[in-house]
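Input: structures, listed below.
Here come two complexes built around subunit A, the first alongside subunit B, the second alongside subunit C.
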Partner chain A sequence: MSRAALLVLADGRFPAGGHAHSGGAEAAVRAGRITGAGELAEFCRGRLHTTGLVSAALAASAALGMDPAGLDAAADARTPSPALRGAARRLGRQLLRAARATWPSAELDALARDFPKGAHQPVVLGLAARAAGLGAADAAYCSAYESVGGAASATVRLLSLDPLDATGVLARLAPEVDLVVDRAVAAAREALAEGPETLPGASAPLLEILAETHAASPARLFAS
Partner chain B sequence: MHLDHTHSGPVALSADARRPDGTRRALRIGLGGPVGSGKTATVAALCRALREELSLAVVTNDIYTREDAEFLLREAVLPPERISAVETGACPHTAIRDDISANLEAVEDLEDTAGPLDLILVESGGDNLTATFSKGLVDAQIFVIDVAGGDDIPRKGGPGVTTADLLVVNKTDLAPYVGSDLPRMAADAKAQRGELPVVLQSLREETGVRDVADWVRARLADWTAPA
Partner chain C sequence: MTAAVTATARIHARPDGRGGTALPVLAGEGPLAPRRTRGTAGEASVVLVGAMSGPLGGDRLRVETEVAEGARLRVGSAAATLALPGRHQDEARYDVRLTVADGGELRWLPEQLISAGGSDLYVTTRADLAARARLVLREEQVLGRTGEEPGRLTSRLTVRIAGRCVLDQELSCGPGAPGGWDGPAVLAGHRAVGQIVVVRPEFAPHPPAARVCPAGAAVLPLAGPAVLLTAVAPDALQLRRALDEALAALG
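Here is the complex of A and B:
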């Protein structure tokens, strides 16, 4: 495993479409649920332990070589909101494009053939990590960190929050990210033996509901 | 940075001039420029001027609404399946320059669903003077400014004004009302751009988008000419 490859994949500038998404932060800001750094921290903690854990486990499973179609179905089953399923597939397709150009691999090509309209982003992320020579924990780290990093940087733009405060939020969440990654990798190893049904299904109903409201809103800065 | 051919799969990866089946893809022209300079109006006029002779489609990049796409739909310049809107996350230049993935998906989807196409126009959300399109997304770019934004913009320069393949100075009909000095704008633009072309136009007047349409036709002739 190459740490440098991990940095390339985890870099917020990796051109895979994430910049247009807020991880639910825009809807939460509009609903008055995030007004400053304190609430941002709570929002990110909630994401990390729900959608963050689920995504990280999916990514780790894909990195371990589990069948992507089964994982994609598992991701669908764990994402009640149609808007979020759509966003996850669009982001998956964008990530696949970037990953195939960056780390050419037969597995990524096969995924593009099987999912021309995109597979769920964490599944693609896991396969991209594999193509980059990275392991299950690396994939889980990318996914878990992304689940909070995107929301934090979007909130900087939405609230003109002090960027140092937003970065502080992420830094203080780091020990919990470590924890979630450990759980995600353990779950992925179990799923490898038992099947994708055993993957975690933690969900945050409000994120799903707000995602639907957001998708119906006529004016928004972020796609999701 | 293209994949070698043993890996080429069902989707094109970047700026490849050919579709996966080997045919030449549509020419892609980007339109950028400050907010309200007349990008959507120019796109609409180009569609009206070219739609009889070419198969074309449009991608819009709005900042926080779908207004540009909706304007084009309302004006019925093209059938709805030929207009696609991309969302840019509060940062229009990121979507056309630093991370073009959503725009590439949009142009490829248009080719798949409405194709074969000769030309795709990609409008950027209104931005600042440094916004330019990635060469991975478009083959040529037009930068649209207007006389009402201040007649010193060509002198100030910036990547859009100095490097775009075509600079359009729009709304010349308004020059007398806003006190803009057209000959000076033209001279400043020439000084910044050397041999690169500049068009002064008013979409409110008879000639309208004619010169820009001719420029687009010439780009398309270059694009389709056998290598």
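Here is the complex of A and C:
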């Protein structure tokens, strides 16, 4: 595997559309629940251990070669908010376009054919990692880090938060990202043997509720 | 020292042949005592009576409910379930297994589960429905008694329709839960959290629109003929109000 390929895939400049999404941070800022770096850290920590873990496990499973259709259905069952399912598929479609141009592969072509409206982003991410010659842990790292990185950079724009504070939040979460990746990869290996239903289902009720509030809001900076 | 309890309650409902629902199996054990109460035309009603306080640490409680083709059953509970610390260090388990056949209907409407300080409980609720089964399933959790820090509570809810999983969610809270559970992404200091799953075959062609109701519950149409109503609230009363409002709005 090429370690540089991991940097390309994880780079915020990789043209996969993630910058248009705040991971629920915009809705939390509007609800007055994030007003500074301390609350941002708790927000990111909560995201990391819920939707971050689920996404990382899905990405790791796809990187191990599990059937993408089964993983996509598992992602649906773990994403009750239709606004978040829609956002995940739009992000998946954009990532797939970028990944196919970067690392052409028959598996990515098949995914585009089978999911014309887009598959869940973590599933695409796992297959993109696979096409790039990366492994399950690499895919899980991309996904887990992205689950907090997007929210942190969005909060910098939303609150005019000092970027150094936001980066500090992410750096202090690093040991927990490692933990979540370990759990995600272990869960993916179990799912490979037992089926996708054993994947984690950790949920965050407020992310689901606020996603619907946000989707109905006429004036928003970020798509989700 | 009291021993940890392992107990299973079983409830089977089937049509009685006269337009009503019979309960050929209604069996309790230990702290789990199902009692038949006055139902309505066509629908049998059962109340789970907690004969002992529980579940305590180390307990293994299980409720199995089967609703046969064409039967209608409502299950409630006489009071809230209180998870308490036990003398046994290991977690307590509470497993609910619900099966509903085609044309059957189950309304599973227990009172709240209260996670008392120092308790450690893992709850799993799994509903397996046939393609044309109907379900209303409520679960409400209250974190701590008044003014009390909660115990550790993990709850997993899985709903399958015609073998396909449409909902699989786990919520972990309290001391020792993964970080951020009380932060702005998950509960934000709210002490009551709950959901109602509604499954109706007619949702397949006509799913209700996603929205957030005035009292704060979100209406979330799932990827299947099912809707999740979900809410967080400061207390049990406001949670019930929010969920009831969202359920009533489904019609």
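Remarks
As a convention for this text, the second predicted complex is superposed on the first by the 224 of 224 C-alpha atoms of A that agree within 3 Å, B and C clash if a C-alpha of one lies under 4 Å from a C-alpha of the other, contacts with A are read in each partner's own complex, and residues count from 1 in each chain.
We adopt the following convention: contacts are C-beta pairs under 8 Å (C-beta built on N, C-alpha and C of every residue); 3 or more make two chains touch, one makes a residue touch a chain.
Bear in mind the structure is a predicted one, so any value in this text is a computation, not a measurement.
By the touch criterion defined above, A:45 reaches subunit C but does not reach subunit B. In the superposition on chain A, no contact is made by A:166 with either subunit B or subunit C. The partner of subunit A that touches more of its residues, comparing subunit B with subunit C, is C. In the superposition on chain A, A:200 makes contact with subunit C only, not with subunit B.
In the overlay built on the shared chain, the residue A:123 is in contact with neither subunit B nor subunit C. Looking at the shared chain after the overlay, A:74 reaches subunit C, while subunit B stays out of its contact range. With both structures placed on the common chain, the touch criterion links A:208 to subunit C but leaves subunit B unconnected. Judged by the touch definition given at the top, the superposed model places A:85 against subunit C, while subunit B stays out of reach.
Looking at the shared chain after the overlay, A:100 reaches subunit B, while subunit C stays out of its contact range. Contact with subunit C, but none with subunit B, is seen for A:34 once the two complexes are overlaid on the shared chain.
Of the residues of subunit A, not a single one touches subunit B in one of the two structures and subunit C in the other. Touching subunit A in their complex are the following residues of subunit C: 156, 158, 164-172, 178-188, 193, 195, 210-212, 216-223, 228, 230-232. Within the complex, the subunit B residues that touch subunit A are 1-4, 7, 9-11, 13-14, 63-66, 86-91, 94-95, 98-102, 104-105.
In the complex of the two chains, the subunit A residues touching subunit C come out as 24, 28, 31, 33-34, 39, 42-50, 53, 73-74, 76-78, 80-83, 85, 176, 197, 200-209, 212-213, 215-216. Contacts from subunit A toward subunit B in the complex involve residues 13, 15-22, 90, 93-95, 97-98, 100-101, 104-106, 109, 112-113, 116, 154, 157-158, 218-223.
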